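We just call them A, B, C and D in the order they show up, numbering each chain from 1.
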Amino acid sequence: MIDSMMSKYNYWMYIILMMIGFYAMIGKKNLIKKLIGMNIFQTAIILYYISIGVKKGGTVPVLMEGLPRAADYVNPLPHVLMLTAIVVSVSTTGVALAVILLIYRRYKTLEEDEILKSIR
Amino acid sequence: MDIVYSIRPLLAILVSLGAAALILASGRRPNLREAWTLLAAVAKFLIVLSMAPSILNGQVLEYTVLPLSPGISLQLRVDPFGLYFGLLASGLWIATSFYSIGYMRGLNEHAQTRYYFCFAVALSSTIGVAFAANLLTLFLFYELLTISTYPLVAHKETPEALAAGRKYLTYLLTSAVFILFSIAYTYQLAGSLDFVAGGFLKGQGSPETLRLLFVAFILGFGTKAALMPIHEWLPTAMIAPTPVSALLHAVAVVKAGVFSCLRVIDYVFGPSLLSDLDLWLVLGYFVSITIIGASLLALAQDNLKRRLAFSTISQLSYIVLGAALITPSALMGSVLHMAFHGFMKITLFFCAGAIFVKTGKENISQMNGIGRRMPLTMAAFAVGAFGMAGIPPVCGFLSKWYLCLGSMEAREAVFVLILLTSSLLNVAYFFPVVYNAFFKKEAGGAPPVREEVSWWMLAPILICALMSLILGLNPDAFIHFHQIAGMVAASIRGF
Amino acid sequence: MNPPHIQATILIIIIPLMSSYAIPLLGWRWKRSAYFIALTAIGASLVCSLILLSTVLTQGTIHYHLGGWLPPWGIEYVIDPLNGFMGVVVCTISFLVTLSSKKSVEKELPEKKVRFYTIYLLLFTGLMGIVVTGDVFNLYVFLEIASLSAYALIAIGEDGAPLASFNYIIMGTIGACFYLLGVGYLYIVTGSLNMADLAKLLPPLYDSKVVLIALAFFLIGTAIKMGLFPLHVWLPDAYTYAPSAVSSFIAPLMTKVMAYILIRILFTVFKPSYVIEVVPVASILSWIAAVAIIAGSILALAQRDLKRMLAYSSVSQIGYIVLGIGLANKMGLIGAYLHILNHAFMKGCLFSVAGALMYRTGRRNIFQLHTIHRKMPFTMGALVIGALSMIGIPPTAGFFSKWYLILGSIEAQNWVFVAVILASSLLNALYFFRVIENVYFEVSQGGLKEEPAGDPVREVPLSMLAPIILLAAGILLLGLYNERIISGILVLALPRGF
Amino acid sequence: MIVPYENVIIKTICRLLLPFLQIYAIYVLMHGHYSPGGGFQGGVMMGASFILLVIAYGLDDAQRRISVKALTIYACLGLFIYSGIGALALLMGGNYLDYGTLPLPLSSIPKIRAMGILGIEIGVFLGVMAIMIFIFLAIASYETGGKDD
C-alpha cells in the first residue's frame, strides 16, 4: 500500500499542490491571493503532465548518434503540451491582473467582501 | 371519401392574418383599418362557404403546408366537422366585426389597433383549429388562439383587467401543458396524430394508459371548454370589452375548446373505444355537474355579463355531454348546439354590450324598464333567452331535442332529467331579466325615451336574433348546418 | 492537394484570426475600419461554414491534416455533420450580432472600439476552433482563447463587471484545468490526443478507473464552462454586467459551444454504450439537468433586471440541452441539437433586444418599461416572439425543441423529466409574460406614466434593428422548417447506433 | 509607478547583461527546431531583457525607448508572420502550415521545412516579446493608465 503510494509520489504531489491552489481560490478573500492560488493550481497540472513524460534513464529528446530507439528518450509530447499550457497560464494571469487593476481602480480595495459591500 | 387537394383552407387562414398585418400598418387611419377588418371577415366567410358544396358532395379538402416534425405535417383538412366550425366562426366574425366597430367607436376605446389586430389573429387561429388535420396542427393554432386573445382580455389595462388576463393565461397555459403531454404520449403510442373519424387509438396501449391519457386530454381541452372545476377564468374574463366576450363565448375561444374536446372524443379515441374503457358515462356525469352547477351559479349573479358567462359554461357542457353519450342523435344535437348556442349567445352578449354602451349599466338590478328605452335590443335579448331555455320556435329547442333523444337512445334517462332541469334553471335566470326590462318601471321614474344604439351595433344584434329564429324553423337554412351535422354524426356513429 | 472547399476548414479559423491582428494595425489609422474588418471576417467565415456544411452533407466527413502531418501525430480538423451544423450556427449568430454591435459599441465604448473588435474576433476564432478541431488538446487551446477573450470582454462592462469577470476567470480556469486533467488521464492510458484515435483505443480500456476519472474531469470541466446548474454562479453576473454587444454575443454562443464539447466527449471520444451502460453518466447528467431547468427558471422569476433574468433563463435552457444529451436516445438528442440552434437564436434575439433597450433608454429594470412598445414597436415585437419561443408556443422554434425533448423523455419512460419540461415552460411563461405585460400594458391607475428625462426614446437605428428582426424571423422560420433541419442535418449528426 | 533606482551597480550590471541576454535569446530562437528552445522561449528572454531595463532605469526611460504603439505593431507583425507563412503554404497548394510547399530555393523538402519552421519561430518570437513587454508596461503603469491610448 505504502509502496504503491510512494512509487506514484508524483501524483500525490500534484494533488496536494492542486488542493492548495484550490483552497486559495475558493477560501481566500483577497483577489491577489486567489490569483496566486490559481497559478498554483495550473502549475500543479503542468507538473503532473511533465511527470508523466519522464522515463528512468531517458534523455533529452534531441536526435543523437547512438541512441536510435524511441525508448531512450523521455516523452517530449507532454512537454510540448505544457509549453502551450504555460502560455495559456501566463495569458490568464495577465488578463486576471488587468482585471484586478480595473477592480482596484474602481473600488480602491482588493478584498472581495469589501467590494461586494461597496457594490450594494 | 374523395380527398381533393385545395389551397382554400390555407387561404381561409391567411386572409385574416394578412388583414392583421394590414391593420397594424394602417393603425393611424381608423377607417382604413376597420375596412380591412370587414373585408377580411367577408372574404374569409366566402372562402369557407365556397368549400361547402364539395364537402356536401362527400369530398374532403386537404392541404399540406409543410412538415412539422418527422411523420407529422402542418396539414389542413376540411371535413364536415371542420367545415361546420369554420362556417360558424367565420360567419359570426362578420357580425362581431360590425358590432366591434360600433362598440369601440361608441366608447372611444384606446389601443384599437391592437384590438383589431389581435381579433384578426384570433380568428385565423380559430379557423386553423377548425381545419387542422392532426393534433399537432390543432395544438399549434390552439396556442396561437390563447396568446392572441390574451391582449383582448386584458384590454382595459386596469389592474382588474390585467389580473383577469393573468388568470386567463394561467389557466389556459397550464391546460396547454396537459394537452402537449397528451399529444406527445399519443404520438408515442400510436405513431400518428391524424384525426380519423371514429378514432385511431383503439388497440394502442393498455386501458389504464388510455384512461389516463383521456383524462389528460379532457383536463387540457376542457379548460378552454370551461368544464366546471376549471371554469373560473371565463367569468373573470368578462372584464373585457363586450365584443371580446362575444368572441370568447360564441365565436372562438370556448368553441375551440369544445371543438377540440369533440375532436378528441370522436376522432382520436372514438366512441367504441370510449365505451370499451367505460369512460363515456363518467364523462357524462362529470359534465352534468357543470350543467347544473353553472346554472345554479348563474342565478346568483347580478352582473349581466357574468350571468351570461355562467350560462355559457352550462351550455358548453351540453355539447360535451352530447359527445360523451355515444349515440348518433346525441352527437347530432351536440354539433347542432355548437352553432345554435353561438348564434343565441352572441345575440345576448351583443345586447349586454349595447346596454352598456348606451346607458353604462352592467347589473341586472339596474335594468328595470330598459326594454322601453331599447325595445329592439331587448326583443332580440328575449329571443336569445327563449332559445337558451329551449322554447320551440328558437333554434335552441332543436339541439336540445336531439340531445334528449340521444340520452334516451343511450338508455340513460337521467341525462334527460338533467337537461330539463337545466332548461328550467335557464328560464329562472333569464326570464327575470326580460320581465324587468319590459314590465317594470325605471328607477328614476323619468318617462322612457327610445334610444337605440347605432346601426353598426343594432344590425348585428337583429340579424343574429333573426338567424336564431330562422335556424329554429329551418335548420338547413342558408348554410346547411343541419345537413352537415348529420354528415358528422353519420361519419362517426353511422346515423 | 486539397480542393478549395476543403481548405475552408482552416480558412474558417485563420480569416478571423488574421483579421484580428489586422484590426489594431489598420485601426491605428482608421478607427472606423475595426467594425468593418470584424464584420467582413465573420461574414467570410459564415460563407466558409456554409460551404463546409454543404460539402459534408454531400461528400461525407472532411478530414483536414494541419501542416500535412497525419493523425494521430499531427493535429487533425474533422468536419462531420454535427460540427458542420454547429459552425453554421455559431457563424450565423455571430454575424447577426456583430452587425448590430456597431452603434452600441460606439455608444458604450467609444474609446475602446479598436481593441474591442480585436478581442471580439479572437473570441470568435476560439469558438470556431473548438467547433472544427478533432484533437482534444487543440480543443483546450481554443477553449482558452475563447475564454480569455470572454473574460476581457466582460471586464470592460459597467459597474460590477470587473468582479464578475474575475469570478468568471477563477471558475473558468478551474473548468479548463479540469478539462486539461481529463486530457492528461486519457493520454496516460492511450498515448493519443486525436478524438477519432481515442475512440478507437478506449473501448478495451473501459474497465479502467483512469478512464472513468478522465470522464469525470471532462464532465466537471465542461459543466463549469457551460454553467450547468450548481456550477452556474459565474454566469448571471457575467452576462448582466457585460457590455450589451458582448452579452448578446457571449450568451447565445459560449454555453452552446461548451455543450457541443460535452456532446463530443460523451459521444465521439467515448462511445454511447460507455456513458449509458458501463457508467450511468448520461442519466446522472440528465437528473442534474432536470434540477437545473427548474432551479434556473425559479431564479429567473426572482429577477427584476431584464439581462439578469435572461441570464438565469440561460441556466435553465442549458438544462434542456444537457437533459437531451443525457436522455441519450434519438429524440432526446435531436431535441438537444435543435435546442442548441434554437436557443442560440432566442437568446441572441432577446439579449439584442435588451441591448437595444439599454441603447435607447438605459433601463434594464423590467418594471420600468411601460409604454416602450409605442416608441420601439419592432424591437418589442421581436421581444414578444423571442419570449413566446422561450415559453414554447407552437409555431416558434422553442416549442419544437421542447417537443422532441418530451418525446425523448416519454421514450425513456421518465415521467419526471416530462413533468420538469412542462413545468418549466409554465415558469418561463410566468416570467416572460411579466415582461410582456409591463411593456405592453399601461396600468391606468397610478402607474409610472411620466417620461424619463433625457432624449426621447425612439426606435433603434437600422443597423441594430435589422439583426433583431432577422433573429426574430429566424425563430419563426426555424420553428416552421425544423423538420427540414432535422431530416437534412441533425439525423446525420447523431452518433452511430442511434 | 516604477522610478529609477539610483544605484550605479545595478545600472552597470544591467547594461552589461543586456547584450548577452539578447544574444542568448536569439540563439535560443535560432536553435528552436534542432534542440529545446524556440520562438516562445527566446521571446520571453528578449522580453525579460526589456523588463530588466524598465526595472533598472525606470518606466519613463523605457517608454522613451519603446512605445506602446511600436509594441502593438511588433505583436501583430509577429502573429502575422506566423499565420502568414501558414497561409502562404495554403496559397502554394498545401495544407495550412505545410511548409514543404513553400517556394524557397532549397534543395530538399526537409530543408524547406526547417526554414519554414524558423520563419514561424521568428513570428512567435516577435509576438511573445512584444506581448511580454506590453503586459508588463500595462500593469506597471496602471496609475497613469485608465485611458485608452
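Methods note: a contact is a pair of C-beta atoms (placed from the backbone, for glycine too) under 8 Å apart; a residue touches a chain by one contact, two chains touch by 3 or more.
As the structure is a prediction and not an experimental result, all values here were calculated from the model.
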item: Centrality ranking, top chain (CA atoms only); value: C
item: More contacts between chains, A-C or A-D; value: A-C
item: Distance between the centres, which are taken as Cα means, of subunit D and subunit A, whole angstrom; value: 24
item: Separation of mean Cα positions, subunit C and subunit A [Å, integer]; value: 28
item: Subunit B and subunit D, separation of their C-alpha mean positions in angstrom; value: 78
item: Subunit A-subunit B separation of Cα centroids, rounded to whole Å; value: 70
item: Residues within subunit A bordering two or more other chains; value: 98
item: Touching pairs among all chains present in the structure; value: A-C, A-D, B-C, C-D
item: Touch list for subunit C against partner subunit D, complex; value: 1-2, 7, 10-11, 14, 17-18, 21-22, 24-25, 28, 64-68, 111-112, 115
item: Complex interface listing, subunit D residues touching subunit A; value: 34-36, 40, 135, 138-139, 142, 145-146
item: Subunit D residues touching subunit C - in the complex, by the definition given at the top; value: 69, 72-73, 75-76, 79-80, 83-84, 86-87, 90, 93-100, 147-149
item: Subunit B to subunit C touching residues, read off their complex; value: 66-70, 74, 114, 136, 139-141, 143-144, 147, 151, 154, 156-159, 162, 165-166, 169, 173-174, 177, 180-181, 184-185, 187-188
item: Subunit C to subunit B touching residues, read off their complex; value: 388, 391, 393-395, 399-400, 402-404, 406-407, 410-411, 418, 422-423, 425-426, 429, 433, 437, 440-445, 480-484, 486-487
